[in-house]
Structure formats: C-alpha cells, structure tokens
C-alpha cells in the first residue's frame, strides 16, 4: 500500500505517477484522506442509485436518469481502476489483491452486459444481479477508519470481539446443537399433534370447534424447524412459522425461555472483555515505577515520592 | 434563561414583568418548578387529547368535547407564549430560539386552519397533521429533569452515552455496511430462487407439492432488503418481509446469527462506560486526604507519604 | 406475622390456636415452611385447573373433572382462610391486609356465582373472569423466597433494580417522549403516503404495479402509532402494524436504530449496579481492621500482621 | 472413560482390544481425538441427511441417494456401537450409561422399522420420527470441547452460568408469576372488549367503521395468554397472537415495558459474574509471593510483611 523507495535515486523520479499514488493509496496525507472520503461518497451514491433502480415506482419514472447516474459512476470507477493500475509499482499484485478484485468486479458486469445485450440473460437476472459486489466496495470505509480518531475506537471494538472469540465459538457450537435438537423436536411435535386439515380435494377445512381455519403444522421440514429455532432463540421472531398445537406451544415456550437465558450469555462476555481492556489500559499507565528504597510498586504516574517510605522515586 | 441583573438599580425595578419571568423561566425557584410541572401536565393532556381525536370510535362519540379541550389548550399555550414574549428581556432572541420556534409552531396551525377553513387542505391532511410539533413540546420534561434529584441520574445516562459515542458511530457504520450488503444479497437470492407463482392472468397459483399458496419473493427491491436487514438484525423481526426460499432461509439464518453477535457489542460498551464512570467517581471520593505541606490532593487511601513532596501525610 | 408473646404467661397458653398460627404464618419453622410449600403447590394446581378450563377442547372433554378440582381447591382455600382468621390475634387486621383481601377475593367469586346462578352474568363473562385474582396468590412464592438460601439472591436482584431506579425512571421518561413523537410521526407519514386502496364499493383494490393487494396505512390513530413504537423499540416487533410506504419504512428503520441504541442503555446500568454491589461486598469484608502502630488500613480479613510495618494487628 | 491398568501385567495384555479402546474412548491421545472429530463429522452428516429427507422437494428428487446415505451411517454407527461394547471392560456399564443409551437409540429405530415394515406405523409417523434421538448425538461435541484449548473458554461459560444460577432461578420464578398474571389479564381484557364478530351463520362480519374484518379476541384461553406473555416479554414477538382492542393494546404496552425492564436484569448478572471471575483469576495471579517463614501465600502485591506471621517477605 505504501510506495517502496528506500534508495535515494528514486526520490528524483518523484513524478506524476508517484503523486497519483500518494493521493490514491496514501490515506495518511491530507490529499489522500480527501480522495478516500470523496471515493466513499461516490461509492455510497452509486449503491443508492443501483438500489433505487430496483424500486418499481422509481425505476419507471426516473429510469433514464438512473441509468445515466449508474454509467457515470461506472466510468468514474473505471478511470479510478485504471489510475490505480498505472501508479502502483506492481500492477499485478494490486489486481490480484482483495481490493483489486473487488474494484474490478464492481465495474466489469456493466461492460459485460453492454457487450452481450440483456436478451441473453436468464430470467430473474439483470444488470443489478451483481450489485452485491458493488456494495462490497463500501468496506473501503475501514480504510478511513484506520486513520482518524476512529482508530482507537475501532481498535477497542475489534479487540473486545477478538478476545471474546473463544467463548463466542464455544457458544455458537452450543447454540447450533440446541437449535438443531429443538428444531427437530418442534417439527415432530407439530407434525404429530396438528390436525389433518385438508379434505380430499385439497381444500382447507374449517375447524368445527373454533370456527376458524383449521391449522396445520407450519413446520414443513427439519431445516424449517432449525430456521424457526434460530429466528426464535435470537428473539427475532418473524412469525412466519409458529406452533399451532397445544403441545407445540408448551415446548416452544420452554425453548424460548431456555434459549433466551442462553443467548444473553455472550453479552456478558463482551461486556467483561471491554471492562477488562479498560482496566488493563489504566493499569499500564500506573504500575511501572518501583521505589528504589523499599522496592514498593503501584505508584501513580505522577508520583515523585514513594507513598510507603517517603523516599524520592 | 436567568434574569440578568448585576447592578443594584435593577433590583428596584423588580416589577410584575420580572416576577412573571421568574415563574416562567426560573425553574430553580419553587414557583418556577411548580409552573414547569403544571405546564408539562398541560402539554401531556393536550397531546393525549390530540391523540384520542385520531381514534375513530372516540372522535365520533366525543368529537365536540375533544375540540373544546383542544382549543382550551391552544388558548392556554397562546397566553403562555404571549407572557414569555412579554417578560423576556430580548423577545426576538426567545422567538428565534429552539423553544421559541417549537412553542409558536405548537399553536400556529390551529389558528391558521381556523382562518383558512378546512376545505382548502389536501386530502390525507387535517388539523392534526401538525400534532407532531405539539408532541415535541414534551421535550420540556428535560427542563424539570435538570433541577431535581434526577440531575445526577440524567447526567450519568448522558455521560455514558456520550463517552461511548465514538464506538457507537464506528459500530453504526459497520452495521450500515453489513445491512446494505446482506439486504442486497437477500434481494438477489430470493429473486433468483423464488418460484414463479402467477399464471398468465396474474392470479396466484397453488404450489402442487405443498398444496399451499406458492410463495413469491417478498423482497421487492434492494431498499426493501435493507429495511428487512435492519428489522431483522436488531431482532425486531416484524415478519412483514420473510425469506420464502430454501436458500434464502439459510442465508437469512447465517445473517441473523452474525448480525445478532454484532449487535450485542454496543451493550458491552455502554456497560463498560457506566462502570468506568462509577470507578472514576469512587476514585474521586477516595482522594479526600490533602498533603499538609504542599496541599496536593489525589493520594491513594493507603498512602503514608505525599507522593509529590515526600512529606508525611 | 410472628406471634407476639414476650411475657412468660403467654407461653402457658400455647394451645391449638398458637400451633396453627405457627404452621400457617410462621414460615421460619420447618412445619411452617412445609405448609407454605404445600400451599404454593395447591395454588399452582388451582391456577392450572382454572387455566385448562378455558381451553376449548379440554373443557369439553373433562368439564366435570375440572369443576370438581376447582371446587376442591375453593373449599380447601376456604378452610385455609377460616383457619387464618381463627388463629390470628387480630382477625380484622389480617382481613384488611393485602394478603387477607387477596385470599378472600380468590374464593369469593365461586360462592357468589353459585348463589346467583350463571344466567345473570353479562355476556363475555363467566366464573373464570376472576381467575386473575386467583393467579395473584402466586405472589405467595415470595414468602418462601424470603426464607431459604434464595434470600441473598433475591436481595441482590432487588437491590440492583432498586439502586438503578433513578436511571430507569429518567430512561422511561425519555422513552415515553421518543415513543410519542415517533408514533405520531409514523401515523402522519403513513397516512400521507399510503395509497388510497378501496374503490367506491369499499372493496380492496389490486395494486396494478405489484399485482398484490394495494396496501393502506395500518396506523389507524396516534395511540396505534405509539403502541407500534413501543412494540418496535423494545424489539418485540409483533408485525400486526407495519409501515407500508417507502417513506414510512425509511423513517421506521431510522427509528429502530435510534430506539435500539437507546434501549440498550439500561442494561448497562443494571450490569454496573450489580458489579458495584459485588465490589462493595468485597470491600466491606476487607477494610475494617487498621494497624494500631502505623494506622494503615486495607488489610485482608485473615491478616494477623500489618502488611506495611509488620506489627501485630 | 480411561483404561484402568494400574498393575504391570495388564501392560503385557495391550492387545487389539486396548488399542481400540484407546482410539474410541481415549480422547486425550492424538488418535482418539482424530476419531472423535471424524465421528462428530459423521454425526453431523447423518443429521443433515435425515433433515434433508424431510424437505419435500429434495426427498422427491434424491430419495434413493438419501436412503443410501442414511443406511450407510446406520451401519457405520452400528459397527461403532459394536466396537464400543467389545473393547470396553464392563459392556453393561457402557450400555446403560447416558451415551450408551443414546448410541443405541440412534440406530435401533432404523432396524426396527425395517423388520416391521412401514405399513404398521400410525399416520403422521415415519422413520424420521426418531431423528430427534439421532440429533442428540451432536452432544458428543462436548467431549472434544473438554480437550483442546476450548476447555478454558467452555469452563468460563459454565462457571459464569453456574454461579448466576441462584439469581436465574429466582428470576425465572418472578417471570413465571408475571407471565401467568399478565397472560390471564390479557385473556380477560381481550375477551371483555373484543367485538362480537361472527353473525348467526358463523361468518366473519365486516366492521362498519373501519371497513376491515372485525377483529375478535385472539386469546383463546389462559394458556394461550401465558404463551403470548412469554413470547412477548422475551421480545420474540411472533405476532401470531396480538391484542386487537384499545384496552388490550394499552395493557399490552405497559406489560411490554415492565417485562422488558425485568428481562434485562439477568444480562447484568451474567456480566457481573464474568467480570467477577476475571477479577478472581487476576487476584490469583497476583498472589505469587509466598512467605519464606510460614510458606503462606495470598499476599497482596504491595505487602512488605507476611500478613500471617509478621515476618519480612
């Protein structure tokens, strides 16, 4: 990412190419930071444009404008990609790097579709199918985060999650087991207790007791049950699949309480890690000096004399 | 907010105007506090009246009474606004301040609509359209919070959120990226896998396998997908948009688990900030001893000698 | 709650009445604890019986058995109530106490309905309408919690919530304001943008673009909006009311993120309080002794000698 | 679990049986760990195969392959079960242990169904009905967790939950009471206020005011109400049962806020326990010094003299 010029004769060759490199890749300089922010704004706008194109009402009314905006950004990003290839010392290295591939994939589909025409695309697909890749460019925000006062905050966040990773992995394993077992239980329970509701013509019957549509099991398969268990135990609770039998509801209530009790655990761990990291930071700025006379430690950073024997530190 | 009378001759002019000012603006005096509480009650009641007016059954039955109540409060707030303008030393300053604008906007629409008549309003609009502004007056509760024993608590809350602001901003950025990428992915996945369900007449078809209504993708656009991702990852989970395809459900389950793991992080940070603020407070109350020689403070509880000058404490 | 017999001649009068009193009211004795646990089991069973009676399928099949069980518990609780009145020294005091009223109300409706007959009840009401009162007797579990090893845990829970009460009140006020303002905003936004969907016959129209049922605003009134805001911001998210317009969804997504960020705050406070209470407990068991020679404090509970000067404590 | 051979003559008998035992039961050796991991992979794959068999579209298309895969794993697990019985010293002990029963139950149903034929099964049941037992074998993951670097993490998780168990029990009791009382209240409120909506033919009526389907109470019974209360207060919020009356919505909003405030409490407790356990660990690593005279440990970092015997450290 940084220009490699250890020998002095390279300093003389500080030409346009190096300048461009500094602006595009050197996020630590003011011009580099400005470029990164502008680029991020362009990426956000292009994502917004592609997003709006999928909204029926908007794409009908402003179709031409949206296409224009999209191509404006495609050309812009093409120029950017070209400049990156031009100014970097080892173009292939960049082209094969994570960012290089993302940058290329973000512009390629548009040209590809222009050449081929849209008629050759399978149904359910169009130019926006590759919009996912374009939205991945949003990850460039992390480059800016690395620079400014966000660095510490982002670092703290990353560290807390990282130190808690072991517990999170163990936790996810436990969750996966519980989710699989309870999803399977719910599938079986609901299948066993749900009333048969369709008559021979495949029509829905009215339950004679409740005068409502007789309910059938909404758990079509075990994967469905596992999906339900995940949605439920994380307290998302879409409600697209719900237990309809008495037995299913009881099991479900127990599972929710168990799952809920379990799923709050990692919150505690992340909290603990953050607090620990704070304590360590504080501890570091405190306990470095030790008294040369009584060898006591634990003095404050601003202490000039030992607090136990009164000698000069 | 407080009356500016540093020179003694102003003390003589303590007339009605200053008295009113003290009651209306001086929340630190008993009469001022009483006024603020009564005003808050009036605001709450007026908001309740406007709210009830929008309930079909209630507005039909008690329409006249509700209109009466609403006008009672409108006149009351008009008098209050007038008094504020009268008693304040720089009326324009108040009128252009945040509270001045809110206070005016809360009463203006009613008179405006009375003059114009309701016939000129566009459909879907009526006198209550501006009720949002009236409900903003509820923010006056913060004036009372500033005064009483709530102050410390409100301060703590504000500080904890404020100190965690950096992390919250970084976190929201990460969430926005994840939400955009996963919303786009879900839109594409559901579009690609959802069965074609309407026949040529545009009618819904019955899926021959499940004997249910064949499902179509509920993700109409990328913004829809982003809205779904936000609703899902915050564990709100309305269920108005849900994945209907097998692939979509798998991706969705992964996204929920990832999103859930991520979204619990800020909880830890706020916890950590609150605990840190408690620790700092305790630390402060520990440092009561001051050195009799150099008058320095901030010594530890177990310090026997001043850490700055080395004298015995 | 405890028998008042300070003077010795009362000890002689230790008759049946005192014995019963000890068993029924004295939860600190083994027999009293046994009675309380048995009573709790009876209450739980009676609540289960009343609950099952409301389940259509079960009440049809086991109607007679359930009535029998219900009357068994009603007679049992009547005897218990009589014994309480008999053995307590000031029956009126008990009868007018919280528990006395609850105990009476739990049995009264059954006799009341037996005398009057069920025909005189208004529609939508029956003997079970008062089952809420019976379920309130479950609160007796707290008497048992007061006794055993649960005491410390219950105490901790109560203290943590109690010390965080100030912050919780401030927080609930802030939430009420946000919820009112955002509920009002959502009601207005949805009303303004939702398409008119019913034709002149009051039938639902099909949206020509999406080929789905055209959506209308689901926010019928401002109280509806506030209910939605509460359900959403606590991440419950029933999905019975959801935004259907583009604008409404955007506002809604912002509200969810704001509300979510806010609603996690009290979690941090309760965490902090619990940790603080733990720290205080530890601190208490540590810092009582002070060295008689160097007056140092902060010694451990098991310290026999001063850790600073080595003298005997 | 480990081979018992304390006397030297057993070392000579290290035959095939002991080798197998070491591989199958001795998870501490490399070969044992490899076996456990391979077994876990086989269990996961068999669970996936059984799960996929319940998915309509997949079981129709790849029915034969899935049956083949299922029988492959059944035979594999039969061999494994046989080897376990063969190599273990007390086969009956293993066969009657938790794992022995699970291992047998995971393979038995398949053979059972093969012998009997599927025609004799009651409707709603098939070979997969016992898939729950098979998924229970996933619990073997905990054997692997016991071995590797996960041990500490899993230990921490277990300890934090274990130390918080008292509070969690008290908390669940409180939740059960609140849930029962509020479920009963909601059932009664909704029943009392919900409009009568079906005409004499049992058809649904259109509410003349709102032009929508008139709503009836969705709370069919008190258990239904309790199920709703659990789903709501844990913020899962399926939305399959929601209040439809004005009164019900108000009560519901209050219950949500109360329940939400309550349900966040245990999060704080788990956080506190984790932090406490971290503190204890740190405290332990602090106490490295031991008194040269009385060999006591547990001194603070700043201790100059032994706190038990008063000698200089």
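In this document, chain identifiers A, B, C and D correspond to the written order of the chains, with residue numbering beginning at 1 in each.
Keep this in mind: contacts are C-beta pairs under 8 Å (C-beta built on N, C-alpha and C of every residue); 3 or more make two chains touch, one makes a residue touch a chain.
Since this is a predicted model, take the numbers as computed values, not measurements.
Enquirer: Tell me the rotation angle, 0 to 180 degrees, that brings the C-alpha atoms of chain C onto chain D, to the nearest 5.
Expert: 90
Enquirer: For A-B, which listed pair, B-D, A-C or C-D, repeats its interface with over half of the contact pairs the same?
Expert: Copy of the A-B interface among the listed pairs: C-D.
Enquirer: Go ahead and note the Å separation of the Cα centroids belonging to chain A and chain D.
Expert: Here chain A and chain D have centroids separated by 27 Å.
Enquirer: Please work out the Cα centroid separation of chain B and chain D, and write it as a whole number of Å.
Expert: Roughly 39 Å, centre to centre.
Enquirer: Give me the residues of chain A that touch two or more other chains.
Expert: As it turns out, chain A has residues touching two or more other chains at 55-56, 210, 220, 223-224, 226, 235-239, 246, 267-268, 271-272, 275, 308.
Enquirer: So in the complex, which bits of chain A are touching chain B?
Expert: 47, 50-52, 54-56, 124-125, 128-129, 131-132, 135-136, 138-139, 141, 145, 149-150, 152-154, 156-157, 160-161, 168, 172, 175, 198, 202, 220, 223-224, 226-227, 230-231, 234-240, 263, 266-267, 270-275, 278, 299-300, 302-312
Enquirer: Within the complex, which stretch of chain A touches chain C?
Expert: It comes out as residues 55-57, 60, 209-210, 235-239, 246, 267-268, 271, 308.
Enquirer: With touch defined as at the start, can you tell me which chain A residues reach chain D in the complex?
Expert: Residue positions touching the partner: 166-167, 169-171, 173-174, 176-177, 180-181, 184-185, 187-188, 191-192, 196, 210-211, 220-224, 226, 232, 235-239, 242, 246, 249-250, 252-253, 256-257, 260-261, 264-265, 267-269, 271-272, 275-276, 294, 296-298, 308.
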